[in-house]
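In the two complexes below, chain A is the common chain; its partner is chain B in one and chain C in the other.
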Partner chain A sequence: MRPELLGASPVHGEAAPAVELQGITKRYGTTIACDDVHLSVASGEIHGLLGQNGAGKSTLVKILLGLVSRDAGQILLHGRPTEIPDPFAAAELGLAMVHQHFSLVNELTVWENVTLGDTGRPDADATCELVRSIGERYGLVVDPLARVEDLSTGQRQRVEIIKCLRRDPGILILDEPTSVLTLSDSRELFSVLRRVAQDEQRTVILISHKLDEILNATDRVTIMRSGRVVAQRRTSEVDERELAREMVGRELSKWVAASALGNLDALVDPALSKDPAMFTAVRPVEDRPAVRMRIDSAVASRDGRPLLQGLTLELRAGEILGLAGIEGNGQHAIGDLLSSLLPLDSGEVRVDGVPVPAGRPGAMHHAGIGVIPEDRHQSGCVLDMSVAENLVLSAVPSVSRRGFVSRRRMRERAEELIERFEIATPSPDTPMRDLSGGNQQKVVLARELSQQPKILVAAYPTRGLDVGAIEYMTEQLHEASRAGIGVLLISTELEEILTLSHRIAVIHRGAVVGEMPRMDVDIERLGMLMGGQQA
Partner chain B sequence: MIEALTLVLASSVRLALPLAFAACGEYIAERSGTINISIEAMMLGGAFSAVFGASITGSAATGLICGVLAGLLVGFVHANFSHRLTVNTYVVGLTLNLLVLGLTSFLLDLVVLRPSQVAVFAVPLLSDLPVIGPALFAQRWPAYLLWPLLPAIWYAMYRTRWGLQMRASGENPSAVDASGIDVNRRRREGLLLCGLLSGLGGAYLAVGEVGMFNQNMTSGRGYVVIAAVIFGAWTLRGAMAGCLVFGAADAMRLALPALGVQLNPQLLVASPYILALLAMVLFARSNRSPSALGKPFARGLP
Partner chain C sequence: MSDTTVLAEERIAAPRGRASSRIRSWLSGYPTLLTYLISISVALGISALLVMMTGTSPWTAVVALYEGSLSTPASVGLALDKAAPLLIVAAGTVIAARAGLFNIGQEGQLTVGATVACAVAIFVPGPGPLVLVLSLLGGALAGAAWAGIAAVLFYKTGVPIVIGTLLLVFIAVQVLFFAVTQPWLLQEAGPEGDVMPPQSELLRTEVWLPHIGEYPGLNFTSGVLIALALAVIVAVLLRHSVWGFKMTMLGMNKLAARRAGINAAVLGGTALLWSGAFAGLGGAVMLVGGNHRLQPGISENSGWDGLLVALVAKENPVFAIPVALFFGVLRAGGGFLASTGVPRYLVDVVTAVLVLAVAFPPAFRILRRTWQARAAARALAQSGKGAAA
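Moving on to the complex of A and B:
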């Protein structure tokens, strides 16, 4: 396969494309994940696969990798029809994938992970040598004897890439590779990809929902929307506006496009601060209102692993404080702490000056803290209960008497909330499972806001939502802050943070390491703080 | 005093041996991601089949092989139900435990079993060593199988590709699957090995230590083995230490009255189990178990 690859001229060549998908269709029950998808990727190019969450990008590459079987369509590799029944066959054919969530075994060492898919007797010395030599060739330095659980996310991704490159793949697929990386790690990754594609004539498919990544890193881009391919373009001939329109299917204001679709440069463009939408969004909160919540030197651990290490944070009435950081630096612990799921080893949480016992079930809720959890399916709602039941879940006493729930009052309350929060549901009795992601999130939001909380914790409130739902959530959170609620926004997506926050704090290794007003945000400094450097 | 110590130590090792064989198996199964509670059924089935086989053939050694095969059969059923048909592994395990208990009790009434026991083999010279001699070098001959078995298992788990895949299956099955390895097949292999070794443990209990089969003769030893693996923090060495601790508790139960110590007999009988319970409570939290332990693996979307 190798010589043939080298012979093919990049992008403009007449040779058969490295990968060609024809009419790929995949259904899950009644939902269509991929609908008659055609895709063609040439050798030696970096090809972007752009689309919102749920557009079918991941399913498509899973089919290509033999992880999911297709219902219809054909796969051609270098012009030859090919069957890919399982991941092993995909590997044989020179397809390799860097997964969105690392597929590394944390308890094993780097070299053990690298050799996992091989056959024959494992050879520690040879594998270590291999890891080092690949590391040198591409600038991916990592200690082969280290345990994966001791590595940073950036280093883990290097291991993941080494794992792929050592198989000498003709086609390298990356699924949302930067979602867990710092800015500098992302840049490093793209330079590695450039080397892989240009110098060695490998094909790279980059899946992303971020416009600037696609614009900066790819040669050509295929845009998917609701399971269909809607456009294929040469990256040098499009701008972000066109990409955004194709991806979403309608025209967006530059601000919304930038915030919802991930264009950092546009978000910090000084010209934008004249945009009225942007100005109301990021205006500093005036004359320092009362402190609503104070977390003071919080220290917490679970199973001997430190989660919070002296975290101090102040949240004022009417402000949205964005807590930025790389995934796995204690964001989860903050969410747990404020949901009364995590006791503190030392330090305290005060709401309006009154200490709240951490870890006692319900204490945070009673103190006036509402939480939109990061995983709405797991802890945000009960999928098999009705919309009405979900809406009153945390306010059962208000619709019940002497331990009996009044169905009439529950229904009334649900109807009122459905109207107020514009939840699109056939009826209050519809199971939660049947609602779209955006509407499920609206139910969670309605439930929490209807409790009139003093503080609202929103963890990744727009994750996995489409643009319309993102706009709605943004509006609602601003509304809540104008009503005097202190909003703590936890997110790893800088775009989400920059869109919503009045003030930005950076969390690193379980402590707040710096903060800045949104108006004077400095992306470089933010990136350095998130990466744990002093800035 | 020395005499008493020698006696208690010898009896500790003797009582720990059936546990040790089974613990080797449970260790393998748990490292690959299955909490195998049907180990009780494997041991009990092994014990019955060993005595039954010995009664028919008149050879205790043949009985031992029958016991191993019975454990293997239980392991085969469990493996296919829980890692091929993805039935909940605890339901399968509990069902098997009840089934084998009922079956052996029933068969005990139907067949005539004759006492049968394998021979003691005392290693010359070494068995005359003070204190440890009788404990380590004057056991029934199958006991010495444990000596080559332990390094063999360690080598298999830590030096072979199969072992690497087994350990990885217990930690992150999706990653293993993405590497093109059949996770459930590895887990089935783990259960088969567990059945083989636990059957040997049960058989050793019957035709090694006791020489006879009685109803429910393992009486929860399988659960004690699970406790020993937890006690040992999912290391082979630790699991063996756990078996010794529980064996010692059992030995004390027998030895204390003989040494003239007066204790509530019910409490004495319960002591190994109380110890096992304590060990599970104390060690289950503080030790890192395999990440995917007890979680079934099914391919498809995460």
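Moving on to the complex of A and C:
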């Protein structure tokens, strides 16, 4: 399908581009978020904006949407210089955005969410009809009368897109749209985008840090690094290796590129097993080491909803066990259980053979279970406390004497951990809030590992991180397993699971429904297990 | 640099209209100092106006306030005495606030504290100093127990702390009234057949808090020293102890605290108990330090004002010291002011206006941020992208 479009693009090249940014610059204090950025996007084109977290993609788009005011530069829409002082103006000019995090009211129905923000009396029938007609036109099928909380993540995203499309935007911007989607949902989304761009000559800007989706879905791609545009390419003329190099600014091994940048096909390519990085990653753990943790027939519920339904799991010393599954099948519950946040109705958790009382505050922690929670900035750290304080949170006694915290020892410990884990912070006293996502993650990791846990639970450890940080996390988790720590990796991203795990277990409806060694992984069977089919 | 910083700046920067942007940017450079000056000036203006409406010149009122509180060593002592219970209550309030709990029932905890302190002082036999200490402890324990009811209601059945502590105030006032109207309880005994007022008998002098200094020189009760010591101790513990660290963690992020092994019900409950204990102790100090006799209204709203002191001091126990002094000056001077013909309640009104003036700037900052965020959210919603969270 791409050749046709490329054939058409010279026509648009002659016409003024739909969006043209010239010399856009934006500074935050001494940090330059965008440095003399030029970007040109034609009508009817899907344009990828590729870059690591912090490369300036979001700032650029926020300038375009009137959310952030630029310091210098010019915006041209269809060749005319345009001022976009605020989001109202952006909307009037036909700019619409699908944000990475949904803004839907779960308790309301689909049509109610779509009509939200309108003035005047809501018209149920007309809105339902609108939802249906947009759905038919673009293949975004969703029941307008369904409540949002009953929808899958993919369906929720459809609602978000319908909310945008009903306003008939000329330019549609999507921010990391597949980060919450399953493989098939992502493919579906791309075909919708293709229709939007190709059949209706709308412009689509796709922001992403995943090479896969840039390669699969876009016509042209602009690559940003540290606030600058480093390359602009026709997608058909580049390969992932080149994209990765431009994006990261250095050569990556194919294995790292594949895993960190989201390329599933490469991960199951047998040729890759010759890669030395691959070898250490998926090498099976030898001679069955001791069982570190055993969860036995765990049953738990919250507010009458079942969360775990007889989940049994064994974690051995020095292995990384990947717990794969589709979002909402009990992953949260496992994380909460091992953080002492969830009591069990029946079943038990044993660490080194000793039962641990579930749900008693701090019990799992004392038993030697360290946790990197999925929502690290919400429950993994205290944003208003300093980096040094966050590095001790649960380990205050280790830096205190007779009930008093020793600032000096806390600082020493912080400095040591900051160096050892390469945490980029101006000082140990900097508020946690001021750190980047990757560095906040490092603080949580450093704190948990520095307490010499027997078991480390890592929930979505690389979500939202850039390539450098992903490489770093990958290496740290491997190192932890080499040191004999049993690592439980919880993730919905198969790439992450396949990259890291020695063994893979599949969770479905609050129970483990199957497992397999990483070496003998069978994607088909994995997919069926995740979908709840016996395989 | 970080996404969160960027986001915060955007919200503040979301500009609507440019005309006033220069003034606004200048203002935002000096938000605290300037807004404080403006709001206090406005408050003083309103106060002057109110005083004038009662037919007194504002200047006379200022002089009276000064004479009643700061003109002589004795009046300074009076101001100190008035400040002491406020500071004790405020120090306790800070503890609960640090753990993220908003105890607003100090008035009730203080009232119950005074009542139980009185009972101990009257009924417990023994040497004066010992009974005095027991009476103070009794007051603290009673205040803690009173707050404990609210804590149990919250952690067991989910009654919000604010509601629980507030409603218990009104019960506490009735408890005191009941106690001083029952001859078999605390009501003072009189000759057979006489109708006695609702109050306890005067405590024996051995159980009074020792007085420091002699009239007409600087003199005050030792309750002032207790208050100062407690404020400093609380400040040190909150800042340097493991307990304070955990408390702060709990107050700032309940989820992270739970993950770190903190039992919110235990630690938060303890914070609430301490807060109640301080208020109860404040009541005991008022009884054995000043009134020496339990009467309805003994609290003189010290519970409420102590809460205000903590709020104005932004939950900083050291900063609460000067704030409590300021309130003490207003209270001491206010009594004197009343003798010049200005109605007593006007002093309360002026105090309230001044408190609002001090509380306004931070509130204004938060409000402004909310307005801007809301404007941005509305704009987002209208542009079809949904509201910004």
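By definition in this document, the second predicted complex is superposed on the first by the 391 of 535 C-alpha atoms of A that agree within 3 Å, B and C clash if a C-alpha of one lies under 4 Å from a C-alpha of the other, contacts with A are read in each partner's own complex, and residues count from 1 in each chain.
The rule we apply is simple: a residue touches a chain if its C-beta (ideal position, glycine included) is under 8 Å from a C-beta of that chain, and two chains touch if they have at least 3 such contacts.
Bear in mind the structure is a predicted one, so any value in this text is a computation, not a measurement.
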Touching partner for A:G304 - first (chain B), second (chain C), both, neither: first
Of chain B and chain C, the chain that contacts the larger number of chain A residues: C
Partner chain in contact with A:L67 - chain B first, chain C second, else both or neither: both
Chain B versus chain C as contact partner of A:S394, first or second or both or neither: second
First, second, both or neither for A:A91, with chain B first and chain C second: both
Touched partner set for A:D384, first chain B, second chain C, both or neither: second
Touching partner for A:R121 - first (chain B), second (chain C), both, neither: first
Touched partner set for A:E107, first chain B, second chain C, both or neither: first
Contacts on chain A seen with chain B and repeated with chain C across the two complexes: 28, 62, 67-68, 86-88, 91, 97, 99, 101-104, 116-117
Interfacial residue positions of chain A with respect to chain B in the complex: 28, 62, 67-68, 86-88, 91, 97, 99, 101-108, 112, 115-122, 303-304
Contact footprint of chain A on chain C as seen in their complex: 1-6, 9-10, 13-16, 240-246, 248-249, 252-253, 255-264, 376, 378-389
Residues of chain B touching chain A in the complex: 159-161, 164-165, 167-168, 171-172, 174-181, 285-286, 288, 290-291, 299-302
For the chain A and chain C complex, residues of the former touching the latter: 28-29, 31, 33, 53-54, 58-59, 62, 65-69, 85-88, 90-91, 95-99, 101-104, 116-117, 160, 163-164, 166-167, 169, 339-341, 361-363, 365-366, 371, 373, 377-385, 389, 393-394, 396-397, 400, 403-405, 407, 433-437
